[in-house]
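Before anything else, here's the structure in question.
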């Protein structure tokens, strides 16, 4: 596998409501190996006549050895679902749910740190390794192609845009990871850059940042100190007015370091190749890899 | 030094009210090196015209390199004082305070575990290393003598009784540690046994247990598996009726394992020498060491 | 500190936990009116700080307001003796008049701090209605134990898992889980040491109700719960234990003991009781005078000890530390005079100012025998009781 | 969600935090009566969701009930323009009438979640009364920052340390620490994203008072705070932003923009705004239609966009994923008809059902220009606006 998910992934989907069922189905259609569902009122049933549904994560893992948990539980119960997966020993937890209260995430993050689990999200599109037919999330599978470019992003559709630009230029992806747009989340840019740097199947990385917070500056530091592979980066939100939240809870300019210009400068300084506009990501990567 | 405290001990006393001042004075008189006091309203003053008083533990450690913190803060503020010492990086914290709410200790214990600090107590008499004039607590110093017997106990005056029996028979003590009578506390029998086992200046150990809880059973397991030095043990509370609290919050028989008989059996099984009554501790140790 | 059932019920209701309709009655007339209001049938429950009321006749199903008044008449003002009370029982000064409930299933639910795990634990069982100690002994596999995180508390999924493990009807999983979460919150926010719902019932019309409940509050935390502190009912305690509490003493009366014990320190007090037993006599009490006691407190302690009619001799064992032996000795003399007790006293004194203390007692006109150490103390007491010789 | 000052004041008071005596007035008569009740002098404060009220004339010291009525008359019903509002200002529908306070010292105190530390942080400064952003820029050393434990919260000793660092008079260390602890509790229990007291004042008679306060609540947590949700005042928002919120859209109006942007996804929406700016035109808004939008929502989004009189063209950029392009296209057509707008539209569509979507738009009678990808989109819009050619 490339990073985090691949053909060894044994997927558990928690929250099989309308949205969860739709995406679980799409993940299976892409080739992901879904081994379990968890839903309090549907225990004993089979999802799509094939995948057993359990009443608790613990029971599901015991029965199926699931190793990646995908969460669609609505926001009021999302923190609890993450904790349930942590307590059940799930190695990788991917939380798609949008709108989890900030203070829930303060506590959840503190709980996850030091546990054996890694959390991706919440409010993220998930992740996909096209070369191994592992799609764990809500991204349109068809735009992806197997290849050597790792992608890490705070946003959803912008990631699709970037992937589309890459695929159109014949640049396939090793793994595409959406870390999510919330100010407090599980996995950071640095975490994923570290994985890509260590992954032999990844040759270069696209980093899609946004205004708000300082995670891009932390990424820049990591790129300067520890990355040998080329990184193409872009930061969106240059046109956003300060103090206003741009959709993502994390996308709000609260001080100088939250500005796009500051982040771009840090990344450029660190040696990243800056795509001058979000339309130039594919082209910039093509230039880097040629 | 024997275990935990000795001539390198640099004592900080937090809570210099009537009781705290009295005992701080007695610790100094015994020879302990008190380097700092902490009291919110007395910052800037000198305790006994000699020891500077600070307004916070952090400041006190920064100025004096104190390495043992002794707490006399009244029960409502005791948990906070412990945390303040933990956050300030105090290596050994000794909390004398009695009556700390159980749920405060649930949280404090969870906070201390994994920090760099060790907590002794609360509701304990403290500890003393007679051979190095280090008395960190409220025990009467005069009954102690330097020697090779380590003592660990859940109770206060019973410890004095045991020490008195030892000293009268010429059996001095390496270090005497009172772990306290509360059901949830910082340092356990096992922690102290581990230290005594590793301490070259300790040849044998007295363990004074009580009814309630299962810490004596844990001690028995440790003695069986890991102790090479002889242990003399006694358990008080054989005559206590079930369900009634005998002074110490932890001394209540709540099930078979809380019974004195069960604890004695476990310790005997583990190879400890049982002092048949609390009056036989010194005699039993004399027999073991002869 | 224990709450009465009606107090516990109100606390539960305040957390949104379903409880039976009920009200308190201190007179037969009130019991009649309350039963009337419930439609003419009720359960009349004696309010005492002890379990086992049912078997002891303290819980009565009545089918009319008149029968309720009669039951209240029979209970109020009496002492109820259960297997958990002292032989003299606990005084009934009020009864709770509760609605009768059509029970389909009886479950058990409690929260307590587990000293071994050092965190609050929820215990639940399908064997409701019986004492959990008996369940633990006979069918331990029927007990569900779920440890909460010491800091985060109980997560909702854990409450749901408990509800599922209790095998409640599907429609009740959510309300039962909510009840468990609320109960846990109540436990933490009120510094409880025990919250027990037994039985937790599923009614015939599929509701979940906390039918009977027991709540103990951490005495050490009462300083931050002034409203709870007001709920204390000292009349439920043994009279001597009440006096001891008021004096700041830690005292537990034991049945059938002849040796009154006065000791400083809980551990040494237990040790003293133990050696008393070893010497063939029975300790009459646990008593720790504490470290900061003054003469007056010691005197009151002595008075309390000798007020127990079973006591034949007093064993004073003081290891001077914070408490000086001379203070203790003066307190004993004061207490002996105050109480007018002529009982023989055996004294062991060591530590701070021991000589002064012994001198004070030697010079007193009390019936004192001295022992050199702990090993001598108990046989001396036994001899004193047996032979009477001072 | 922002609270008004008077709402924040009440919340603070509910946590035992000292606040000035005050009441709300929606008419000059109420302002007069309230000032009368305060002894004839007061401060009349316009209630709007924006800072900078003082400089904008929204805070007036008055020395008589008549003057208070006059001030209220002048403020109520107007729009107050501060540096934090839009150029048209925020509507004043009420004023708070507060007691005048004799101020000795002005301090600053706030709690917010620090995204970098991922935990709530208390910020405090002796430079009260001025904007913390300015303090941070000019004298960052004057800002005290104390991070709370993400789970345990703020320990009392930390509150005490902050009070000491603020150098309050010795007698006020304890009350100030208590105030800080209470404020932190309020922050956590109400899911705030910001609680700010500015200024926190020490009065001449040595009391500590939260003179002015600002509270923002996490929108995502309102589901568990129904009482707080009721405090929302949508009149303070831009009218188009209100409409967007009601439709479940994420929309932010920008000043002086000519290109209306309709995009799915926040990141792509920002990217779209950015390339618009690059092409020499100004984005008129941020708009994310979200993943689950239906035709009607898209139509409403389009209508909102073109309701902004500055908008000269609409750029639709949809990357079909959860949202299918055909749905988006149908929504655009519906919205254009509904709004009666004849503005030129530039469309980029990729992903799920892109072909179907493009076909729908091609067949419509709208003034649509198509772009192949993001790089082409912005120059096309610029050209459309400049030349008008479709």
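Things to note:
Labels A, B, C and D are assigned to the chains in the order they are written; within every chain, residues are numbered from 1.
Basically, a residue touches a chain if its C-beta (ideal position, glycine included) is under 8 Å from a C-beta of that chain, and two chains touch if they have at least 3 such contacts.
Nothing here was measured: the structure is a model prediction, and the numbers come from that model.
Here B-C and B-D are compared, and the pair linked by more C-beta contacts is B-C.
Rounded to whole angstrom units, the spacing between the C-alpha centres of chain A and chain D is 28. We define each chain's centre as the mean of its Cα atoms; on that basis chain A and chain C are separated by 55 Å. Contacts with at least two other chains are made by residues 149, 151-152 of chain D.
Residue positions of chain A touching 2 or more other chains: 107, 111. Under the stated contact rule, the graph of chain-to-chain touches falls outside the line, ring, star and complete shapes.
If you check each pair of chains against the touch rule, the ones that pass are A-C, A-D, B-C, B-D, C-D. Those residues of chain B that touch chain C in the shared complex are 19, 75-76, 99-107, 109-111, 125, 138-140, 143, 153-161, 164-165, 181, 183-184, 208, 210-214, 234, 236-241, 243-251, 255, 260, 276-280. Those residues of chain C that touch chain A in the shared complex are 149, 152, 155-157, 160-161, 164, 170, 173. If you check the complex, the residues on chain C that touch chain B are 84, 113, 115-116, 118-120, 133, 136, 149-151, 188, 191, 193, 218, 220-221, 223-224, 250, 252, 254-255, 263-271, 273-278, 282-283, 286, 288, 291-292, 319-322, 350-352, 373-375, 377-378. Those residues of chain D lying in contact with chain C across their complex are 151-152. Contact residues on chain A toward chain C in their complex (touch as defined above): 40-41, 55-58, 77, 80-81, 83-84, 87, 107, 111.
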